[in-house]
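What follows is a set of structures for review.
Here come two complexes built around chain A, the first alongside chain B, the second alongside chain C.
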Partner chain A sequence: MSANGPQPTPLLRVRDLSVRFEPRMSPALTAVDGVGFDLADGEFVGLIGESGSGKSTLATALLRLLDKPCRISGGSIEFDGEDITTTSQDNLRRRRWRDIGTVFQSSMNALNPVMRIEAQFRDAIEEHSDLRGDAVTDRVRELFEMIMIDPRFMAAYPHELSGGMKQRINLALALANRPRFVLLDEPTTGLDVVVQRSILEAVRRLQKEQGFAVLFISHDIGTVLELSDRIFVMYAGRLVEQQGAASLLENPLHPYSKGLLGSYSDPRADTVRVTYIPGRPPDLSRPIEGCRFAARCPEAIERCQSDDPVLLPLAGGSVACHVAHLQRGPVQDAPEDLPEPTRVFAGPAFVKTAEDSARALRGEVFLEVSDVSKVFKHRRGLKRHSIQAVDNVSFSLRRGKVTALVGQSGSGKTTLARMITGVDRPTSGSIRFIGSDGDIEVDRLPTRRLRDYRRHVQMVFQDPYSSLNPALPLRYTLTRPLRNHRGLSAKQAKAVAGELLETVALTPSRRFIDRYPHELSGGQRQRVVIARALAADPELIVADEPISSLDVSIRAEILELLEQLVTDRDIGVLYITHDLLSARLLADEIVVLNQGTVVEHGPVLDVIRNPADSYTRTLLDAIPNRYLKPAQT
Partner chain B sequence: MTAGVVQTGSGEGPADASAVEGEYTRMRWPQLIWSSTKARAGIILLLLFVLVALLAPVIAPYEGTRSDFGALLPPSGDHLLGTTSQGGDIFSQLIYGSRISLTVGLFGGLVSTAIALIIGMWSGYKEGTVTDDILSFITNVAIVVPVLPLMIVLIAYSEVRGVPLMVFVIGITSWAGHARAKRSQIITLRNRDFVTAAKFAGEGRIFREIMPSMTSLVAAGFVGAATGAIGAEAGLSFLGLGDPNTVSWGTMLYQADAQGAVAQGLWLWVLAPGLVLALLITSLTFINFGVDLLSNPHLRED
Partner chain C sequence: MRYFTRKIVFFLATLWAAITLNFIIPRLQPGDPAEVMVQKLAGKDAQLNPAAVEAMRAMLGAPEGSLFEQYIAYLKALSQGDFGISYTYYPYPVTEVIGQALPWTLVLVGVTQILAFVIGVTLGAYAAWRRNTRFDSIVTLGSTFLGTLPSFWIALLLLFVFGYTTGWFPTGGGYSSTSPGLNVAFLGDAAYHSLLPALSLLISAPIGWILGMRNTMIMNLGEDYIRLAKAKGLPDRVVALRYAARNALLPSVTGFAIALGGVLGGSILVEKIYDYPGMGRLMDEAIGNRDFPLLQALLLFIIVGVLLANLIADLLYGVLDPRVRRAES
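On to the complex of A and B.
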């Protein structure tokens, strides 16, 4: 693996590591399969891959924290010369936190809710060092200054802190004993983009100052590329590519890496092209012949179907791909079906040109939001609090067009969506729906007429894992709106439900209609959610961050589907997001919301290219800029 | 999501169709419960008790209420476990006694579950309203009222004795905890996205959406309530509050205690009913381990 240059003994040396997942009631599978790599002192390495690729399992295995039914089934993990897979639990306990710090994926809940923050630091520090009493307090203060949080929060309880602060505290906790190696497992997932940015900047700064090694696991390729020196790409339990960050960006070798990279682009460019990887990862509980990525690979050749590629050095990195080695390796007998070398993913893409984006403001207005405000009042004891969630907002939606509502969490996006869908009523102002069969004053809608209104307005939810009832088959989920809103008979409804599934490209529909949600992938579930929204034949669809809980590699696919539906059916869409790239791809118009007020409003390209408001600029800055450089030059 | 689902992307050919349909086997709930060793043992044991209760006239050599044998006969071919000091056959009493315990368990469990379900779901559905406040208040009162003295008072002052009274008293005193659990479950369920989605789908009542997710909790509640009812019946009968004209394990223990069986060293008389009671309750507890697997998929993995 250390093909370039001599290297001293690495800090972490992993060889042929395999992790088996052996549940009692379903088939066993190898979640991590023969992974090997070295990590030098002070190196910042990123690990990327789709969900389910084995990233987090690998991370847990490195600390030997795997729980039943997972176990390390082979290979070795040497940390500083000591084999972690065989050492005693006592030894391990001493190493964890002193030599190895961790910030976990769900670390929003990693702080003990009944202990003050300082006490939690004190526990960790006293367990692993000789510091006692005031010396510990000083160290905690120092750590707080390091992560730029006011030391008076030392006395706070976790619930008194914001999500971003908690995550920075977790980072400080991981660094409390000056570890040599820090493992970051999706440390910013679930946080606001701007907050994410500040945390990751803190990580990079501290890493430069203190020189610890980092393994940074994330599915957000943009940030990983920007922060890391070297990148590992993982697919279906294997390492498939290993390269320096800059060279990976310039010259990705594995088609899978190209696919992941293709899911990012500069929203300001004239033509935005975002690729997606069709299909889904293989089932690891069954034997796989040939390359694991072959079924989804646009560059696959005949040999990929039968030969399993191994990770071999190539062009300064290493890659497990027949095609890459044949194209760039030493001259061999190239098979006839070998494709030309490419830098970009040769698979399907969602392309949006400047002309496409310039069609805005033409459709007929069918929903008018005028001067809408919402004040939430609540009472605690005798005190009354009121929060102005939405403040004097006006905009309109047009038939057959997509309007993006962009804003940070807490900016009032969701409150606005709830008022538009009739769930909440505005405190003042009016919302008028100009439907094909008469106008509806949504702000004054009596509860009993809500059902009629929802025939015209449907929703696509953020998390397809919670918005489909796990106990009911798709047939039930899809036929209910057909019977309720369109008055179809059971038989008709079944036929139409099948057609709906075909519309969202779940074909053939008979294979899907009797399934339960847990049998589908995230992307497929989101398609079902979209199909359900279409069932009522609505005029407006409110899509609340419909792609944010999906893997980056399939987001564009869902966006493309949404756009196609808008064009084919002349539906208006209110697209709620905090992601400007997806807004550029899907929307015609953008409304930027900050602290309840509209700070910017206009055609999508105008807003993205010439942001007038500082908040919009912050959002643009939050897009990893290392990524933007090649796009601009 | 690791349950062996082979599902390739949406746009792919039908080549893998057979694999998709062949591979995935969804575990139905009876299979799931059966897959737990403890639950399996519990079910077999419970079936055995049910069989004994149904076939009591066939299995037992004498009527359970007959007491015209010689007093305190030792175990023999005629009297497998000997006789009591009033001349009753212990073995026959044991066999007939299972009928009372199972009946009270079944109906006591049903009544208590029904009350818990109605009150819990109603108050959960009306969360935050005055109705909820009133129902929650009643539930809380029912939780803090000491149950045993209440049951004793209710039975002591009633005109009739017997199984229906037992079921009634046990039912109305033991629902509160379960009602509280069901209320919380409803509240978390009705705020899920899929319930909001059902409202968007034009559903007037969200009951159909919520009920499937409630079943395992209701089932576990019922098994728990039945276990409690069996214990309560035995306890009340032991205190002499049972029907004097029938034989249950509780009344057997009451008689044994009243006649000073332990002091006289008549161990079989005390141990036999105590042991079967313990076995029945154990079997139900074991079944609940299996029911737990339904509501908590996490337990299925190791």
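On to the complex of A and C.
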């Protein structure tokens, strides 16, 4: 199961590594199951997989930082010829940060809030080198210059830095002792696309200059493909495919890899086709028969249901898939149900053609935002500061159409959404809602009339984990708006709640209606959030990044659902996002916001293909472009 | 710097409000101190002689004039450090009475509070660092158990066992055979007398700190910066102290400063049980005898103590947590 690299002794050699997660209160599970690979000096390897695939657990195991109730239950990890699987923490300590540097996921919190930045570099450097005093300061200055941050910030505390700066500092910190191996665990998750871009460019540049080996973990296959030499794909605790980045892109072997690749596309293409993987990963605490992916796999054959495939070499890489081996391997006795080889994911897809996108904007205007500005004032001591969050913005929404509001964080998208939903009032300008039962001047709406307005306008939030009350079953979540806004009786409301669940494809509804949010997957929760928004029978849905917290493999599924609702119910949607691909898929019209002003406005395909504003171009450039080169059909 | 100025201004405003309340509240209460005093002198069932009451009033210097005039006079006296004359310890001025009691309490309660904090925070941090070990279980369960015992009950138990049954320690008072002064014999005697009361306070006082520190520290141990500190290969001691405990200590600092402010009030029950000549016993007496000047001064002392401690906590927090300074300045 090793990578077939020519190196005699790899820098990192992992064999049959398993990690058990044994909590006291719930059933034990094997989070990482028999993973083996080699990593050569100076190699840049990407590790991709959905949340829950075990990639972060694998990373933590490699660093020997697992905490109870997680433990390495089998296999070995060798670093530079030394077996570190069971060696004591005291022995490991010498290697840590001298040989192995790390940038953790959500590194917003990775710096000690009460220590100055320099001190946090200093302890790591002094612990592992002979540098002392000014020599350390000089080294830190050098590291700061390397990541292009003004060395003045050495004296700062973490909270005085922006998210992007913190993450670049974390990168510099990882490189402080010139390590041979750097583990990057989702280093850009949660950061703005443009900021992500700058960090990944720094990673690539420094890796070229300094030649350290990298294991880059991410769920964002686009970025991983762009940076890595070789890719590992992980699913349900197993390594399911291992290939060179270019060949993975050309010729993915495992259907799961195809599914992940299929979730990206070039938003500028004539026809954009984005696939999604239905279903959800298996419950690892129960015994699994056959292939772990079989239940979600469009290519599965009979054998997949019973035989657990092993990771075996194939076509220059290796893959754990019966179908791939039967199709491309030397095996003779091909079963009858073997499908034709395919490069693309053969599962469901959300397709949008240029004609779809170019449909004339005929829907009747029902929300007009005219010259809206919002200034936030706040006092600091005796001085008053004001921030122009939204500056003279005008656009309109149409029934049965989706308008995408695109911009990076801080561009005023959310402020605008708050004004449209009546949470905030504009400083100047007007927002007029032309409803089916009369007009409403939203900007001047008295608080007591908000309730009536809310009936027409509903929200879908970004994080389905925090937007549902964890203590209440779906029945409550869904019947509440029905009774509040539509005045239904308890019995009627229950029936309608069932219908709503069916509408968002949670069928049969009786299986779901008494469940609690924690019993559902992220995608299912987001469906419930959408069902709740529909409950009031609204005319407008404001969806604030509804897919950005979901796994890439299911995003298109939610987008498709939203589009269907728009068409079936003639609802207008304001779709807030920073992602141009999803904007292309869902929206008819696009409004690009930068620093509170509209910098671009027009039909979605026009804007994406011929961006007039430099900011829109930056957003387009921030999409991993290596992936976009080969034409995707 | 603005953070610190703001805190000081806020302190002064609260202080003024406290002083004013301290003036108003006793005047809203029923009961005439002069009557109580005469009754006490005359015996429980004796008839009150109105002339005697009047004489007593004159002697005590009962307030005259309108409420506003009284208030001005009160502020004036305060600014000169004049709290009046104690009714109970007539003719000693209140300041002198308090001056007698204050050192006793400062030493007894002050030392036990500081010890309790140091012991509590250390045990709590260590229990968190070694969480789910036997040490942690013993500390956590033990403190939960001890925490349910009230300190006066512990005091009675200790007094019974070590004072009366075995006779190892004196059963009351602050000193016995020596006369107060700064000499070894007296200090030894005082320490000997204060051991049981100190122990009574010290058994339950660290428990809050232990549990609080343990919980915040365990929360902190889950933070990313702890994981990074471990990945950096720093020694456990550094990770535990400079990264985990340093952050976990922040909420306890405020609590500690406020607890120190409360020291001035002494510990009424424990001081009464051991007949300890401190502020707590004095307060008990002042209440029992309607000794308004003394009571008022004591309350003011406690309030100023708590406010001052709060101010110190705020200022200290600003020094310890750089985030606070920035958020408000």
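The criterion applied here is as follows: the second predicted complex is superposed on the first by the 624 of 633 C-alpha atoms of A that agree within 3 Å, B and C clash if a C-alpha of one lies under 4 Å from a C-alpha of the other, contacts with A are read in each partner's own complex, and residues count from 1 in each chain.
Convention: a residue touches a chain if its C-beta (ideal position, glycine included) is under 8 Å from a C-beta of that chain, and two chains touch if they have at least 3 such contacts.
This structure is a prediction, so every number in the text was calculated from the model and none was measured.
Q: Looking at the overlay, does A:463 come into contact with chain B only (first), chain C only (second), both, or neither?
A: In the superposed model, A:463 contacts chain B only, not chain C.
Q: Once the structures are superposed on A, label A:438 by its partner contacts, choosing first (chain B), second (chain C), both or neither.
A: In the superposed model, A:438 contacts neither chain B nor chain C.
Q: Figure out whether A:123 sits in contact with chain B (first) or chain C (second), or with both, or with neither.
A: A:123 contacts chain C only, not chain B.
Q: With the two structures laid over each other on chain A, which partner does A:68 touch: chain B (first), chain C (second), both, or neither?
A: both
Q: Touch check for A:81: first (chain B), second (chain C), both, or neither?
A: Touch partners of A:81: none, neither chain B nor chain C.
Q: Can you tell me whether chain B or chain C touches more residues on chain A?
A: Of chain B and chain C, more residues of chain A lie in contact with B.
Q: Quick check for you: in the superposed arrangement, does A:23 touch first (chain B), second (chain C), both or neither?
A: first
Q: Looking at A:109, would you say it contacts chain B, chain C, both, or neither? Reply first, second, both or neither.
A: A:109 sits against chain C, while chain B stays out of touch.
Q: Could you look at A:133 and tell me whether it touches chain B, chain C, both or neither (first, second, both, neither)?
A: neither
Q: Both chain B and chain C contact which residues of chain A?
A: 68
Q: What part of chain B is in contact with chain A in the complex they form?
A: 1-12, 14, 17, 20-21, 23-24, 26-27, 35, 192-194, 196-204, 209, 212-213, 300-302
Q: Flag every residue of chain A that touches chain C in the complex, lowest number first.
A: Within the complex, chain A contacts chain C at residues 63, 65, 68, 89, 92-98, 100, 102, 104-115, 123-124, 127-128, 157, 159-160, 170, 380-381.
Q: Per the contact definition, I'd like the list of chain A residues that touch chain B in the complex.
A: Touching chain B: residues 21, 23-27, 29, 52, 68-69, 278-280, 283, 285-286, 295-296, 421, 423, 451, 454-455, 458-459, 461-463, 466-472, 477, 480-481, 484-485, 505-508, 511, 516, 518-521, 523-524, 527, 529, 532-533, 535-536 of chain A.
Q: Please output the residues of chain C touching chain A within their complex, sorted ascending.
A: 2, 132, 223-225, 227-236, 238, 242-243, 246-247, 250, 320-323, 326, 329
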